[in-house]
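Once you scroll down, you'll see the structures, which are given as structure tokens.
Look at the two complexes coming up: chain A is in both, with chain B in one and chain C in the other.
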Partner chain A sequence: MTTTVSAPPTGSAPQPEVAPARRRRVRAGTIGLVAWLLGMVLVPWLGISDLWMGVGIFAIIAAVGALGIQVIMGFTGQISLGHSAFMAIGAYSSAWLGVEQEQPFWVWLPAAALVAGLAGALFAPIAVRIRGLYLAVGTIALVFIGAYVWETWTTVSGGAGGRLAAPVEINGQDLLDGYWSGGTQVMTLFQAWWYFAFAVLLVVMVLTWNIRRSRLGRSMLAVRDRDLAAGVVGIPVTQTKTVAFAISSAFAGVSGALLTAYMGYFTPGQWSLMLSIDFIAMVVIGGLGTITGAVLGAFFFRAVPEVVNWLSAYLPGISQDAKVDGGVTAPLLSQFVYGLLIVVILIFEPRGLNQLCRKPFRWIQQRREGAR
Partner chain B sequence: MSDCALAVHDLSVRYGAAATALDGLTLEVPRGEIVALLGPNGAGKSTLMRAVSGLLPVHGGSLTSGRVEVLGTDVTRLRPSGRVRVGLAQALEGRQVFPELTVAENLAAGGYVRRYRKAEAREVRERVLHHFPRLQDLMDRQAGYLSGGEQQMLAIGRAMMSQPSVLLLDEPSLGLAPKIVETVRDVILDINREGTSILLVEQNAAMALSIAQHGYILEGGRVVREGSAAELRADDDIVSLYLGVAPVEGAGQHG
Partner chain C sequence: MTLFLQLGFQGIALGMVYALIALGFVIMTKGSNTFNFAHGEFVAVGAYVVLALMPHLPYWLAFLGSIVVTVALALLVEATLLRRLLDKGLTTVVLATLGVSIMVHALILMVWGVGTKGSAGPVGSGTVEVGGVVLPLSGIATIVASVIVLAALLVFFRRTPYGLALRATASHQEAALAQGIDIGRMFALSWAIAAVLAVVASIFLASFPRVVSPSIALVALAAIPAVVIGGMDSLIGAVVGGLIVGLIQVLGAGYLADYGGGKLHEVLPYVLMLLVLVVRPYGLFGSRGIERV
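Right after this comes the complex of A and B.
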């Protein structure tokens, strides 16, 4: 009867703190959005090390995939563990088009979305008939079918050894060499890739935003929260889930294509179940059902382990490398602290980072109103 | 038959292998009228609603016989969305608003099958909100945070957004304070006066019979009694059986 996943605040108990009129909340959101956009544009010029720029680029690319999970899980309430399979489909179709067919990125990138989206639409008729745990298991199957296909279809995948990814070429220059003009390098590879990935993320964010505000978006949330009531007002429940599946898979495809293009080379082994679970973790930590939540979650998920790793260098008794005797190593500590942090965040604010970030705004607002 | 807003003929329903929930039920809602459907818990009232609106499959139920007509059109084989298009709308038992959507978005969702253009949607919404002035101030509020009475208003308002000819209401007074029940009753009357035919399922028989023209009494999936509201109100058995169990505050209402 119930949908698989629903965002936490569905209770009927009134919570005055979270029930302000929409309009006011949008204002705090607008300030945050503008600050974030400015920050994203400035970051490449702040002299941040290549290592951290790389982490940021991975986060941006992950955010694209997280938005896909947000559409199917956050908006529509359907759990999908097959996200990594659709990322793989995007990756392989873009690589084939970009390398074998020598197509430019503005062909292979939309094509990755299209092919993965179509694959999602093909799988959807099965997925929308199963619910809850069964749906989760059904989508896991996709990952294993995918793994088998990539390892056996070596002409496309290059076999277990992997293959070259599609290059991003702008004005005949591969972005992995940075961006040059008149013999001087205008942008490093990290600066150039940061902007390229960010531009794609912005497009996907705007798309998601429009979906959320549209008739389709309303239907998705209606299906997620009350599928019976959705049916009774005439919303086609099955069709809505199908479309959500296709859109989600298309975003996964874009994320997969970007990821591999940035890495330059990829193997069948990387499209694991764990990758799918990462994306679910991102939207849960970030906040289910919101665009901000997906982006925050992706950045948190990609950046925090690195931060912990880096901090651990300043802690006594921690070795930076794996030790034979099994002492506490930085990667081990990183995993531990990281897991703890997730638990603490979700206990403190079950609706995720998105709501956590809004708390100070709300606090200031209440102060101001109280003063009046 | 075609002068009926809603006609249900010889309807039988069964859930899985369980006993029959409805057994050869026949019922009519004449155009422009309010018809009350009364009966104890488990009588099959909600089952009838599901059979009419097409939601039986979702509950694991199926029709074993019978026909449902809306405005003379046979809708028995139509999906729920098809039935809404023909002119049927329902407010479900327990309200079931979309808690994460705002009041405005809930209303918009109610107009889904009509594919209104912007101006049109606004116009229809104005007309619907005219019945629910309270909702006007809550448009940007998430529906999950409304009170029970407000949610009931929203559920009825959402159903009205498709501009139905026939409205099904499943226990709209359930769990509401007496004062609010009175407001809901007035709203139902208002909506009916503007031309919408209504099938009103209630356990609060006094409230239902105070505004209905006609009533059916359901027990064990069969109609055990049928008559004009005045007749049913006057019948001693019914008064003791159904009006007796109705909340006291409901009984005092049509005095």
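Right after this comes the complex of A and C.
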């Protein structure tokens, strides 16, 4: 398009740059991935406060669960509001194995995935019969039935008072005490847990990445886009949905087991509908159908409440602790902002943060292409 | 037998409340193709506003004031949010209404706090005895008022032009549009009706022996099994589903108190909902819109 313009020779040759455009974009993605990996490895040594390290660890653990939701919602297109129940199943089975049976974490962590995955596969026969709105509403039942079971089955859950979670022991050391070597502390509890959770997240990310690229992943995408058409071209729709449910529940189970192990102690009350909503928000606001989106969303929604908490100390008229008779408190404000962010982002960028983050780059790219 | 009649009466009274909330869900779903997860919070707003206005105004004015506030809130949400997201897919709509629900819940706690308040019902704690069966006045008021509201709704849908237009919109949007029906106004109307039903339900959900508390929205969510059991697009289904859920909860609380930790009645509606989804995925009265693949 610039052939008619006799541009002054600046030394740059525009022609050869057009061809490797695609390769350059791939490279940008790789650079981003490597930068993120490096950043995640370096973060524990940057002197970040314990509070924010804790938030980061919660975000990493949440990202594992969010990837599970990504498999069922982003890839397969089935809305599930019941995944907090599968997280709870992972948490209780890991706690039982880790505390009562005194098994090490490399037994209870895969076991949590297995048990939660089995539970997901057991629920699948109901889930595959219903679609769309009915499925979203129907899966709410899981949360309430789960809540009842945890409160009633006190031998496993410890009742309303809660119970101990499985400890993560490496070389005979509980990770919640940090990591010691020869009498000196090599890593604090936050540094040690950051790496442990990050390692699990990497495994789950690679698994999700491979699922997405496999025949199974492509079947899921076909079921998401139009299950009737997918069935016509020979994709086993029911089987694909069942497997997707099992995988996503397994990831949720791992996330639940990690979450409780990090907290050390947990109660039946925390497996609420709100937890399920949390994960759906992460995935949809992060970006449906992408691994980046799930991780991005997890970090975003774990950071937002803390940021609001932190900011509210500087705002007038906000008290820091809960009040019985009303008033704007920091937790309530962060809850409100949480809902507001969901709504605002959905209105302005329904494709999520993932696309929002790419906008500046795309804009620059367009400017460069336009300038040529 | 007396116990059964007494529990049955209370079950029907509670069931009518669920029926009103479930009707709201169904009318919104049919009218504007959205499922409003924030509806439970609308119920809560209705109860809290009535309670706030009660000391200053006669009861019926407090009730009307609450209707104005709740309908305004519903219309605001519908116009600013749902209308924009209609073409963005189910996931977006579901999450958006969940976001609204979180916001409204936080606002309620900011304004009224986390504590439990008094009762917001139109009648007090009196009882009448009919043939040895003790009936609370609040239960009688609930049933009478619900039946009146249901009858009014029936007349509205069957006998008024707006009701006809709403039904036309629900059955085929494009055809309704071709007949000159303002679809946008019908969406707003369906949300407004749902909000009115929410306020009516709220005063009975918060009447003796129950009180207004932040968990009232969660109680209102028990109407969701009613919606699914009845069928998501059936008005009659919503009423029948509501009655089933109410009866199960009260009879379960009465007869199953010794089993399963005494809270079995709280999950029975959800268990029944799953069973119905297995046997009849479209509910007892719903149309077979959802096919199996």
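Keep in mind that, in the parts below, the second predicted complex is superposed on the first by the 329 of 372 C-alpha atoms of A that agree within 3 Å, B and C clash if a C-alpha of one lies under 4 Å from a C-alpha of the other, contacts with A are read in each partner's own complex, and residues count from 1 in each chain.
The definition used in the following text is that a contact is a pair of C-beta atoms (placed from the backbone, for glycine too) under 8 Å apart; a residue touches a chain by one contact, two chains touch by 3 or more.
All values derive from a computational prediction rather than experimental measurement.
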Which of chain B and chain C A:Ser219 touches, first, second, both or neither: first
Touching partner for A:Ala244 - first (chain B), second (chain C), both, neither: neither
Touched partner set for A:Val168, first chain B, second chain C, both or neither: neither
Broader residue contact with chain A after superposition on the shared chain, chain B or chain C: C
First, second, both or neither for A:Ile140, with chain B first and chain C second: second
Touching partner for A:Pro236 - first (chain B), second (chain C), both, neither: first
Which of chain B and chain C A:Gly289 touches, first, second, both or neither: first
Partner chain in contact with A:Leu228 - chain B first, chain C second, else both or neither: both
Which superposed partner A:Ile211 touches (first chain B, second chain C, both, neither): neither
First (chain B), second (chain C), both or neither touched by A:Leu97: neither
Common interface residues of chain A - those touching chain B in one complex and chain C in the other: 227-228, 231
Touching residues on chain A, where the partner in the complex is chain B: 7, 9-12, 14-15, 18-19, 21-23, 215, 218-219, 221-222, 224-236, 289
Chain A to chain C touching residues, read off their complex: 73, 79, 125-126, 129-134, 136-138, 140-141, 144-145, 148, 151-152, 227-228, 231, 237-238, 274, 277, 280-281, 284-285, 288, 322-329, 332-333, 335-336, 338-343, 346-347, 350
Chain B residues touching chain A - in the complex, by the definition given at the top: 53-55, 58, 79-81, 83-85, 89-90, 92, 96-102, 105, 108-110, 112-113, 140-142, 144-145, 147-148, 158-159, 161-162
In the complex with chain A, residue positions of chain C that touch it: 29, 35, 81, 84-85, 88, 90-92, 94-96, 98-107, 109-115, 221, 224-225, 227-228, 232, 260-261, 263-264, 266-267, 270-271, 273-274, 277-278, 281-282, 290, 292-293
